[in-house]
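We just call them A, B, C and D in the order they show up, numbering each chain from 1.
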Amino acid sequence: MTLRQKIHEVIFEADTPAGRLFDVVLLWAIALSVAVVCLDSVESYRTQYGDLIRIFEWVFTILFTAEYLLRLYSVTRPAKYALSFFGIVDLLSILPTFLSLFIVNSQYLLVIRILRLMRIFRVLKLARYLGEADTLSRALTASRHKITVFLGAVFGTVVIAGALMHLIEGAESGFTSIPKGIYWAVVTITTVGYGDISPITPLGQFLSSILMICGYGIIAVPTGIVSVELSRAQEHHHIDQRSCHACSREGHDNDAVFCKFCGERIERETS
Amino acid sequence: MTLRQKIHEVIFEADTPAGRLFDVVLLWAIALSVAVVCLDSVESYRTQYGDLIRIFEWVFTILFTAEYLLRLYSVTRPAKYALSFFGIVDLLSILPTFLSLFIVNSQYLLVIRILRLMRIFRVLKLARYLGEADTLSRALTASRHKITVFLGAVFGTVVIAGALMHLIEGAESGFTSIPKGIYWAVVTITTVGYGDISPITPLGQFLSSILMICGYGIIAVPTGIVSVELSRAQEHHHIDQRSCHACSREGHDNDAVFCKFCGERIERETS
Amino acid sequence: MTLRQKIHEVIFEADTPAGRLFDVVLLWAIALSVAVVCLDSVESYRTQYGDLIRIFEWVFTILFTAEYLLRLYSVTRPAKYALSFFGIVDLLSILPTFLSLFIVNSQYLLVIRILRLMRIFRVLKLARYLGEADTLSRALTASRHKITVFLGAVFGTVVIAGALMHLIEGAESGFTSIPKGIYWAVVTITTVGYGDISPITPLGQFLSSILMICGYGIIAVPTGIVSVELSRAQEHHHIDQRSCHACSREGHDNDAVFCKFCGERIERETS
Amino acid sequence: MTLRQKIHEVIFEADTPAGRLFDVVLLWAIALSVAVVCLDSVESYRTQYGDLIRIFEWVFTILFTAEYLLRLYSVTRPAKYALSFFGIVDLLSILPTFLSLFIVNSQYLLVIRILRLMRIFRVLKLARYLGEADTLSRALTASRHKITVFLGAVFGTVVIAGALMHLIEGAESGFTSIPKGIYWAVVTITTVGYGDISPITPLGQFLSSILMICGYGIIAVPTGIVSVELSRAQEHHHIDQRSCHACSREGHDNDAVFCKFCGERIERETS
């Protein structure tokens, strides 16, 4: 095994002790570096521990740069890795520190490192969690058409509600323009309700009440959609794994005795 | 094919290349014109680009007016189109510009053009999306009686809660009248919670807490209703009414060609 | 038919034309009188139309008093009616006007008349709506134990969270006492979020964030409970109506061929 | 029966009249003592009834201390009790009073006594309520992997959203640091929306709108998860594992005595 293969094993795999140790250390380093970026943004910490934070920041950046270069070196097809999701995230998580030499405040973009923490699933019992994420994303994918229709309805509602409220309430209540009105309508229909803009005229309050009660009903729709799809996505785990010996097709019910496509008898799974 | 038939094909159909191109251009024009109306309402843009916005507005209005007249001309029964949902929306989406010559601010009503964007479903894979919208609306229709009972309960609750809070809190906290109290109760029970009116007396805060926890439970009811109905509406797609001629058993999948219980060929429903 | 029987028929039944007319007139009178009470509470209307409102109020009260006395007279067992739910509501909906001669502001209690509007279900296709209300209440009854456990958990959480925040935040942020803290915790966990009291210390904001994300998960529990029970309550509509000829027991599955209690063959429903 | 056994029976069991009476008295004492702690924190009550509250506090503490010692004395393995959940809660619910002699404000920690109220389930029809709590916790346990994935997604979203808003909005709107931005993102995504921090720049309001609509969809995920798991946890109560000896078919109801397919008698599971 060449050095390059060894590095690949340590960095990319989580099954060997060395690989596992590397992953755990990396995750802690990522978490710490995100915490440092967060603390750096707090005025009082920056003035007091500014130098220490700057040192930490550069240590982490140099470590992550070294790791990125080693990944590029050890992988068989560097271009493919560099253009993969994690490859781009790895690059984006070191660039802002170098950029901060030229552009003020760009170091805050370093929180993108949080995405690198998704590697945590590789250390935990990977398959199980990915399976769950898969069930969730399958449920969402299956309901994407319904969600599109739903989002379209929400979009149309907030634009019309925003324009109406701009007309009715005017600038005194904070509805200074239609975009402001749309922002208010989104804040209201999602039941967030900051209260930075709120209707003060009786007519405006009446229309808002109607919008809220509608929003109340609207929240039921995506919940219902996801519930139903999640329930179906989960049932697919229980679907029969048998394939017909004659036509090789799958998707038979559990109580099926004959293939529903060609009429051939199919065997029990356990036999 | 007469000119009138040709115009009809281009304007009303989305299957031919010309019709499709017309639809796509129309959708972009609608989206742009809504964006222009929104920008027009922003003070700073109006003062700076007022003339440009005015020109755009009239160009779009003239285009849409021409389109409306062509639709009226090319359709076989103009009256029926003029009174259909899209016919009225098409008319309403040009009227406010002309009205704005006489009435101040009426141009904001132009956002009604957003409804014309519903034509977008004709360009996308229409049937699928309409099918989803259909499932959603079927679920809502099936549960309209439950939703009426539910809305009645909400209505009664907010009126009584609003009157009680007006009595308890009085004008200092903003509960200046029963309608204001009802507005507050709607804001609270839907969990929007602007905070423009909020209880300050201990008794008022205690009663609000109870109202909130109830509202919390109430939100579960429409969600439950829609979930159940959605789940049922969806099942109806998958039910197959065929029974096997040999063993008379039912419950076959839609794609089944042979009976899964005895292996006999089963006929299509439509044949 | 005596006069008393005739009055009974008109007032209590909704099947005859006279009874139906009476109910519709009554419902409009109730709705109007509630509207008058609401308007009466608005300062500007009271000062301007005070006398008119007062007259309307007394006309409605006299009408409703007459109706109440006629109900008492025409019903066979007056005591039973007087102590029934609607009997008490009918009485409470006239009392406050008389009380307002002695006690200031008590006329606002007249909004209790809104409960009389529940009679509306008698005029609409009664059975259907009552059936739906029945399904809803059956679902809620079936899940009352789960809801008790759930409310207990919410209650414990808000008390502990309220006390903790009172300790951490203190009086500057508005957490002046534990009851205030509990009120804040209820406002937060139900996602209402007025913002009249909100944490300002970093530790307080951190704990609030955790409370919010928990509340986020907690909202899922009652929704899930109601969905499941509603789905079950509805299924009971579809249960097989067959009873066994041998042992007369019901509750068989749709695919049952033999009685599950005594082993006797049971017939298909349609045969 | 020794005195120790008698004390054990009274204190730890709820089946005998004496044990039941003890439990009811204890629960009221706990509820009262929590109420006293809450009142003590209200400024006006403390100045007026300070001495009375102090006396009550010490009476309850002495009572609970005596109860704690008796529990330790009467139980066979004191160490095991002392380290159990309720043993620790019992200790924590008396300690703060003694601590308050030395440390200011520590008496507020006494609200931990609310946890002792969980003993209330022993007095109510225990089994039923614990069964429900069990169903709930089983549903949550079964979906813990999905909830972990979900919380991970929420965590990543709020960190990135918080950092972005800190960059865009800056200190004027209250986004003084990344942790503040994260706090705002949690307040927004959970739809609490205090309004103590809210975006004021157009770009910030646009991004917030997107975050809200996403949060809107995200709320559907845990609801769907819990619904599905709750529905499954409940079904497990009703599933019967018996198969008929004559025709080998399964799927019988729990109360079935004869096979519903062939009429043969089927045995109890436990026999």
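Assume a contact is a pair of C-beta atoms (placed from the backbone, for glycine too) under 8 Å apart; a residue touches a chain by one contact, two chains touch by 3 or more.
The model shown is predicted, which means the values in this text are computed figures rather than measured ones.
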- Message: Looking only at C-beta pairs that count as contacts, which pair of chains has more of them, C-D or A-C?
- Response: C-D
- Query: Residue numbers at the chain A-chain D interface: does the shared fraction exceed half, giving same, or fall under half, giving different?
  - Reply: different
- Item | Chain centre separation (chain C, chain D; CA means) in Å | 28
- Between chain A and chain C, what's the gap in Å when you average each chain's C-alpha atoms? 40
- Provide the list of chain D residues touching at least two other chains, using ranges where the numbers run on. 179, 182, 191-195, 219, 223, 225, 227, 231
- Task: Please give the residue numbers of chain B that touch chain C in the complex, ascending.
- Result: 145-146, 148-150, 152, 155-156, 159-160, 162-163, 166-167, 176-179, 182, 188, 191-195, 198, 200, 202, 205-206, 208-209, 212-213, 215-217, 219-221, 223-225, 227-228, 231
- Task: Write out the stretch or stretches of chain A touching chain C in their complex.
- Result: 191-195, 223, 227
- Task: Sort out for me which residues of chain C touch chain B in the complex.
- Result: 34, 37-38, 41-43, 105, 108-109, 111-112, 114-115, 117-118, 120, 128-129, 131-133, 135-136, 139, 147, 151, 154, 179-180, 182-183, 186-187, 190-196, 219, 222-223, 225-227, 229-231, 234
